[in-house]
Amino acid sequence: MIYILCLIFFMVGLYGVLVKKNIIKIVLGLIIMEYAVNLFLIMLGYREGGVAPIISEGDSITEFIKHSVDPLPQALVLTSIVIGLGVIALMVAICIRLYEKYGTFDITEMRRLKG
Amino acid sequence: MRKLVMFIVSFITWMLLVFRGKAGTCCFNLQDVIAGLFAAMLTALIFGETFTKNPHKFFDLRRYLWFLVYLPMFLYWCLLANLDVVYRVFHPKMPINPGIVKVKTTLKSKSGITALCNSITLTPGTLCVDLTDDGYIYIHWINVESQNVEEASRMIIQKFEKILTRIFE
Amino acid sequence: MSADIIYQVFFGVLLACCSICMYRISSGPTVPDRTVAIDIMGVVMVGFCAILSIVTGKDYYINIAIAWALLSFIGTLALAKFLEGKGFDE
Amino acid sequence: MVGMTLIVKTVARWVKSFIFLYGIYITLYGHLTPGGGFAGGVIVACSFILLILAFGKEKALKRISKALASELDSIGALMFLIIALLGIFAGGTFFINFIQKNAPGQDFHLLSAGTIILSNIAIAVKVGSSLFMVFVILAVLRVVKKGDKLEMIQTNMRGEE
Amino acid sequence: MNMIPLFVAVPLAGAFIIPMLSRKFKWFPDVLGNLVTLALVIMSFAVIGKSGVYSMGAWKAPIGIVMVLDGLSVLLLVSINVIAFASTLYSIKYMEQYTSKLRYYSLFLLMLAGMNGVVLSGDMFNLFVFLEIASVASYALVGFGCEHEELEASFKYLVLGTVASTFILLGIGMTYGSIGSLNMAQISEQISQNGMNNALLFAIALFIMGFGLKAALVPFHAWLPDAHPSAPAPISSMLSGVLIKALGIYTLVRFLFNVVGVDERLLMILMVLGALSMVIGVMLAFGQWDFKRLLAYHSISQVGYIILGIGLGTPLGILGGLFHLINHSAFKSLLFLNAGAVEYSTGTRDLQELGGIREKMPVTANTSLVASMSIAGIPPFNGFWSKLIIIIACVQAGRPVFAALAVFASILTLASFLKVQKYVFFEKLKEKWNDLREVPALMSLPMVLLALLCIVMGVLLLPIGNTGVLENINILEPAVKVIMDGTDYASKILGM
Amino acid sequence: MNLIIYSISLSIIAGIMCLFIPKRTRGVAETLGVIVSLVTFIMTIMMFGREFVSKWFLIDNLSRFVVMGIGMFGFLIVLYSLKYMQGRDRINEYYAYLLITIGASIGAVLSNHLILLLVFWGVLGLTLYMLVGIGGSDASSTAKKTFIIIGGSDVIMILGVAVTWVLGKTFIMSGIEVSVNSGMSMLAFICLAVAAFAKAGAMPLHSWIPDCAEKAPVSVTAFLPASLDKLVGIYFLGRISMKMFVLNKAMGQMLLIIGAITIVAAVMMALIQHDFKRLLGYHAVSQVGYMVLGIGTCSPIGIAGGLFHMLNNTIYKCCLFLGSGAVEKRTKTSDLDKLGGLARFMPVTFVTFVIAALSISGVPPFNGFVSKWMIYQGIVDLGRKGDKLWLVWMVAAMFGSALTLASFMKLIHAVFLGQREGGEKVKEVSSLMWIPMVVLAGLCMIFGVLAFTVPLEKFILPAVPGVSFTGLFSPSLVTLMIILGVILGLIIYMLSNFKNIREDSLPYIGGEELPVETRVTGVDFYRSIKDSKILGGIYRAADKKSFDIYDVAKRVLNYFIGMLKYLHSGLLSNYVIWVVAGILVLLIVLMKGSI
Amino acid sequence: MNEIIGLIFIAVGVFFDLAGCIGLARLPDIYNRLQAATKSVTLGTCLILAGCAVFKGILSPMGIKALICGVFILLTSPTAAHALARGAHLFGVKLWDKSVCDMYEQDKKNF
C-alpha cells in the first residue's frame, strides 16, 4: 500500500519532469521524485526491522555483527536526503542563471544545443 | 566575545545532540565532550563573528525571563491559530475575507523584527509577506478587519510588540 | 496491539496529508502553489519520521527527520529565491 | 537590498551554525560508513549555501572567505596528512585501524571505529567544500568575453586569487 | 592491499592541499594536480596483476565497508588514471583561458576520486555515493564556462543525471528490500541461493537504465552530446574517455555479471542496447559540424561497441569489449584534446570554418590523424584490434546481424572521421588562419603521448594466439576472467 | 621466411624513416626510395623460385608472380616519380607512403594468416589515402571518398574473415577449404570478395578510381589504383575463389554479373569523359570486369585468363597512366578539349601509349589479346557446361572490348593526333620518365607475342592447375569473336565520326588535309551516344552520381540522419520521454517470463 | 503515562497536519493556503515531535533531538512561508479575486 503510494508520488514527479516546460516545474518534479524515493527507503528500513544497525551501548562488536543487518541502508537514507538537498540547490542555482541568460523559464526556448 | 557566545551556544547544542540519556551512569562521554569542544570551536571560528551583533545582550538574564513569559503566550496564540484554521477550513462556506494590509512596527532590532514576523505568521489569520527598511510590514490577513495602518497595527502586532521589545531591545 | 492500530492510523492520516500535498503539486495552478505544497509536504514528512522513530525504536529516524527539515528549509528558500526572479548578487 | 529579506537573513544567521554543527555531528557519528562523511559534508556545505541564498553572493562569500580559507582548509588538510603519517608510523600502512588496535577503549564510543572517523572527517570537509564550490561555480561565477580569451570575473570564495 | 584506499585518498588529499597553498604559489595547482595524477598512474601500474579486498575499519565483509580490487578494477584504474594524467598535463596551458584553475583542479581531483571510488567499492551504497561525487563534480565542470550553452548543457545533464541517480537509488532500495543487504558479494550470494523475484527484476531494469544513462546508451544518451562538448577540452576528454566508462559501463557490467549473474535475456538486452547506441550514435555523429559534438556522438557509438562486445558473454567478446574500452579511452581522449587544441588556436570548432590547418599545426594534425584512424579501426592502430575482436566474437557467438551492424557503424565512423580530417586538417588553408601557431609544447606533449599509446597499445596488447584463441598479457586477461567468473565474485570476496 | 620478413620490413621501415626526415632535406628520401625499391624488387625475384608455408606467410605459385609484379612496379614507379614529383611539396611523405605501400602489398600477398592479411590490407588503404591526399588541397575530397570505400570494404572484410574463421576453424589461409553452400559461407565469400572488388575497383565499388585518377598525382594512380591494388585485389579474389572457397553456381553467377556490368558500364562512362586521366580511370575499372568475369567462369582457363589479364592490365594500364602523366607534365593539362597533336613532339610517349592502347583493346598480337582470348575461352567453356547465359557474358565482353577500342581511338586522336588549342611546341619527357613506359610497353609486346612461353608457362599456369588449351573449346570461335569485337569497335568509331560531322556544324578549316581532325574533341565526339534516348537518361543519372554507391549511400544516410537529428530537438522533455520509454521496454522484456 | 500523553500529543499534531493539508487543498489562493498550511503543519509537526519526546522521556537522547528538531521547525517554517509568500508575490501571483485589498501591490512599484 505504502509502496504503491511511493510509486504514485514517484510517477507524479516523473510526470512533472516529462511534460512540464517550465524549468522550475521540472525541478519540482525532481524534488518529488527524491521525496518519493526517500519515503520508500525510510519505509524499507521500517519493514526490515531487525536489530538497530547503528550501534547502541550494551552490545559487543561480535554480537552486533552476528545480529545486525547491514548498516548501510540507514546511511543510505540520510545520504539520499542530503544529496537531494545538494542537487536541488544546484539545480535552482542553474535555473536562476539560465533565467538570467535566456530571460525565460521555458525549457523549449533553451535549445541552442540540438541535432 | 561574539565568538565566545557562538562557542557556548554551539557547545550546548552539541551536548544536547550527543546526550546519551541514562542519567546517573554517564550522561556524557568524555570523547563526546572533547569532540564537542572542537566542533564548537570550529563553529565559533567560522560563524562566530556573524551570529549575534550585541554579545553582551546574550548574558542579560532578564531577557530569558521575558522569553519564558512570552513562550506560553505564543503557544496559546499558536493553538488558537490552528483552531481558527480548523474552523475556517472545515467550515463548508470557508468564511474568509483575505487581503494584504500594511502595519508599522516600533521594533528596531533585527532579531526583534524577525521574531515578530515569525510570530505573526504563526498566529491567527496572519502571514507576513514582506517588510520595508522603515518598519512597515505587509501582512496577508485572512480576515481583514481594517485597512488602516494604525488600526491594523494595533490589532495584529501590538500584543507581540511590548514583550518582544523587552526580549530583544 | 491497539497501539499498532493507532500508529497505522497516524501513518494513514499523514500519508493522506502527503497525498493532498501531491494533489496540490500536480494541480498547481501556479508554480508558487506547487512550491508551497512541496514545502508543506517536507514538514509533514518530518513528523512522519518522528512517529516512525517511536514505532521502530530507532534513534536514527530522528536524525533523518532533522535532515529532512533542513532539506525542506533550504530547498524552499532556494525555490523562493528563484521565484523572486533575482540573481545571487542583487 | 542584497539577498533575501531581513527575516530570512536573521533566521539564516541563527540556524546556519546549527546546521553546521549538525553536519559535524553526522560526520563524527556516522560510524561504519564513509557515507557519514559524505552526508555530513553535504550538510556542512548546505550551511554555506544557505548563507549565499540568504545574503547574496558578495556578503556571504566575504564572510565565508576569511574563516573558511584559512582555518577550514588547513585544518582539513592537516588532519588528513596527520592521519596518513600516523598510519604509516603505526602500522606501516595507511588507514589501518591503529587506534582501535592500540587503544581499543570502550566499544561504541566516538573513537571506537578507529581511523574511519578521521577519514570520515576528511571526506566531509572535502565533499563539503567541493559541493559548495560546485554551487559557487554554477551560481555566481561570471564569464566575460574580453578580446579573444575568456575571463572570469568573480569574487573568489577566498576573496582573492 | 593497503594501497587500495589510496586511490581515493590521494586525489582527495590533493584536492585539499591545492586550495590551501595556491594562494601563495601560482604554479601550485598545476604542479600538484599533475603530481597527484602521476602518482595515481604509477600506483595503478603497480597494482596490475594484483587483487585484494580492503576492509575499512578492519571489519570484514559484509558488515564493514569493503573496497575490492580485482582484474576489472585494475583495468579501469589504469585507464582512468592514465587519461587523467594526460588531461592534467594538458590543462596546464589550456586552462589558462579560464582563471579559476584552483577550482578546476579541485573539482577535477574530486571527480577522479569519485571514479576511482566507484571502481573500487564493494557495496552498492558506496558505489552510489562515489557515483554521486563524480557526477556532481562533472555537472559543475560541464558548466564551468558559465555561458549560455554550458549552462543549458549542464542543466540538461543535471536533470537527466538526477533522474538516473534517483532510479539507481530506487533500485538500490528495492534490492535492499528483497535481499536485505547492499554488499555486492552478499547480494550475489543471496540471488544465487534464492533466485530472482519480481522486485529484483524491477531493480535490474532500474539499474540498467540508471547506469545505462551514465554510460550514455541509446535511448538514455541525450545528455551526452550536449554535456561533453560544453566542458573545457581536458574535461571533455575525461568525461568521454573515462567517466562514462567508470560510471556507466563498469557499474553495469559489475552489477549484471558479477552481482546478478547474466542470463540469455540480459545479454540480449545488453547487445541490443549496444547495437542501438553503436548505430544511432555514429549516424548522428556523421551529420555533425561541430568538432566536439561530433566526437561526443562517437562516444555513444563506441560505448555501444564496448557493450555489444561484453554483452556477447563469450570470452572473446568480453575481451574485445574491454580492449575497446581502454583503446577508446586513449583515442577519444586524444581526439578531444585535439579538438581543444584546434579551438585553442583558432577559437572555433565549426568544421566548415576550419580547413587546411595541417601545415600550421602539424603535431595536432598528425596526432589527430592517428586517433582518427584508431577510432575508425584502421590497422595497425589500436582501435582496429578491438573492433576486429568484437566483430569476430559476434560471428563466433552466432550473431552475424550484430557483426554486420558493427561493420556498418565502423564504416560510418571512418567516414565521419575522414570528414573531420578533410574539413579541419586537409583542404585549402583559409586566409584567416595564415598566422596560426601550433599549440604550446605542454599541450602537444600529452597529445603525442596518447598518440603513441594508440600506436603502441595495439601492438602491446596484441592478442594473436595459435588458432585465434586469443591470449593476452596481464591487464585484459584478469579483467575478462573476472567477468567470466560471474557470480563467483561473491565467494571470492566473502572468502577473502 | 627471412627473405619474406626482410622484403616486407625493409620497405616499411625505410618508409617510416622517410616520415621523420626533416622537411627541408632534399634527395635523401629519393635515394632511399630508389635503393630500397630496387633491393625489394631483387628480393621478390629471389622469392620466385621458392615454395614456403608457415603460420604467417605463404609463398606459392599464385602469390610469387604477383609479388614479383609488385616489386617491379614499385621500382618503376619510384623511378618515374623522381622526375614527375620533382618540385612538389611533401616529397618525403610521398616516398614514405610509397615504400610502405610496397612493403604492405608484399605482405598482403604473402600472408598466410587472415589477420595479418587484414593488417597489411588496411595499411594499404591508409597509405593510399595519404598518397591521394598529397595531390593537393582539392584532392582531399577524393582522398576521403577513396578511403571511405576502401576502408569500409576493409571492415566488411573483417566480417568475412570472422565468418571464414568460424567456418574454417582457422585463420591460416592455406588450411581453409570451405565449400560455399550455406548462407554463412556465402556471406563469408561475399564479404571477402567485396574487399577484393573495392581494392581492384569492380562495380559497384569502383567509383573512387576515376576520381583518384583525376585528382591524385599520376604516379600514385599508376602505382596504386591502376596496378598494385589491382594485383592485390584480383590476387585475393583469385585466392578466395580458387583456394579457400569452393564456389557454388550462385557465386559464380554473381561474379559473372558483376564482371559483365563492370565491363560495359565502365567503358560506357569512359566514352563520355572530358578528362584524360578520368577516362583512363574508367578503363581501369572496365578491365577489372574481365578479370572478375574470368574468375567467375570457374573454369581453369577462365581463371587463368583472369589472372593473366590482371598481370597484363597492370602493365598496360600503368603504361597508359604514366603516358598521361607525361602528357600532363608537359602540357599542364589533362583536359581532352585542350589537348591534341602531341604525336609529333612526344614520339616515345605516343608510341608506348599506342601499344598499350592496342593492348588494352585486345588487339593481337599484344598481351591484352591473349588474356582476353583466354577469358573468352572460359566463357565458351561455361556454355559447354550448360550455362544458358554464356552468350550474354560473351556479348558483354565483346561489346566492352569494342567500346574500349573505339574509346582509345578517340583518345589517341584527341591527344596525340588532332590539333591542340594554342598548339605551341612541347618537349618529350626526360628519360627517367619514359624508361618505365618503354619497359612496360615492351612487356606488353613480349607478353603478347611470347605469351605461352614466358608469362603463361612461368607465372600463370602453375598457379591454376588443370588448364589445357586443347580439346575443350573452339579457338576459332573465340578468335572470330575477338576479331568481331575489333571490327565492331572500328565501326562504332566511324559511326560516331560521321554523326559527329553531320550534326555539328564545326568551322571547316580550309587547307587542312584531314577534315576529321578539325577540333574534334572527346566531348563532341561521342555526344551522339550521350544524346541517344535510352542511354541519355542513364548518362544523366550517372552525371548525378546515381550509380555511385558512395553518393547514393550518402544520400540515403543523410535522410535518416536528418530524421534522427530532428528527434534530438534539444527539448529536455523528449529526452526524458525516451528514458522512460526505455525503462518501460526494459521492464516488459525483463518481466515477460516471470509474471 | 508518558506514553499516553505522548500519543495524545501526536494525535493532536496529526490532526492539525491534516487540517493544514486540507486547507492547502481547499483555500482559494496561494496566500490563504500558505497561511493555513504553515500554521497548522508547523504546529502539528512540532506537536508530533513533542509527543515523541514525551513518549520516550524528554531527557532521552531521542527526546532531546526531537525537541531540537521542533525548535528548528518552529524557526524555519514561518520563515520559509514568508519567503514563499514574498516570492509568489514578486513572481506575479495575484490575490484571490474576492480579496479585500492588496496594499503590497500598490507599494511594490515604489521600491
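Labels for the chains are A, B, C, D, E, F and G, by order of writing; each one numbers its residues from 1.
Simple rule for what comes next: a contact is a pair of C-beta atoms (placed from the backbone, for glycine too) under 8 Å apart; a residue touches a chain by one contact, two chains touch by 3 or more.
Please read all numbers here as calculations on a predicted model, not as lab measurements.
Nearest to the overall CA centre, using the mean of each chain's CA atoms, is chain E. Each of D-E and C-D has its own count of C-beta contacts, and the greater count is at D-E.
In this assembly, the chain whose C-alpha centre lies farthest from chain G is F.
Averaged C-alpha coordinates put the centre of chain B at 91 Å from the centre of chain F. Each chain gets one centre point, the mean of its Cα atoms, and the points for chain B and chain C are 21 Å apart.
Chain centres here are Cα means. That of chain D falls 31 Å from that of chain G.
Spacing of chain A relative to chain F, judged by their CA centroids, is 64 angstrom. Contact of a single residue of chain E with at least two other chains is seen at positions 59, 63, 125, 129, 136, 139-140, 143, 146-147, 151, 154-156, 159, 163, 225-226, 287. Across the assembly, chain F contributes 565, 568, 570, 572, 576 as residues in contact with two or more other chains.
Across the assembly, chain B contributes residues 13, 17-18, 20, 114, 117-118, 128, 130 that each touch 2 or more other chains.
By the touch criterion stated above, chain D contacts chain A in their complex at residues 26, 30-33, 35-36, 38-39, 42-43, 45-46, 49, 53, 107-108, 112, 131, 134-135, 138-139. Of all residues in chain A, only 54-57, 59-61, 71-72, 75-76, 78-79, 81-83, 85-86, 89-90, 93-94, 96-97 touch chain D in the complex they form. For chain B in complex with chain D, the touching residues are 6, 9-10, 13-14, 17-18, 29, 31-32, 35, 39-40, 42-43, 45-47, 49-51, 110-111, 113-114, 117-118, 128, 130-131, 133. Put simply, chain B touches chain G in their complex at residues 13, 16-21, 23, 78-79, 81-82, 85-86, 88-90, 94, 96-102, 114, 117-118, 121-130, 132, 138, 140, 142, 144, 147.
Residues 59, 62-63, 123-125, 128-129, 132, 136, 139-140, 143, 146-149, 151-156, 158-159, 162-163, 165-166, 169-170, 172-173, 176-177, 180-183, 186, 225-226, 230, 287-288 of chain E are the ones touching chain A in the complex.
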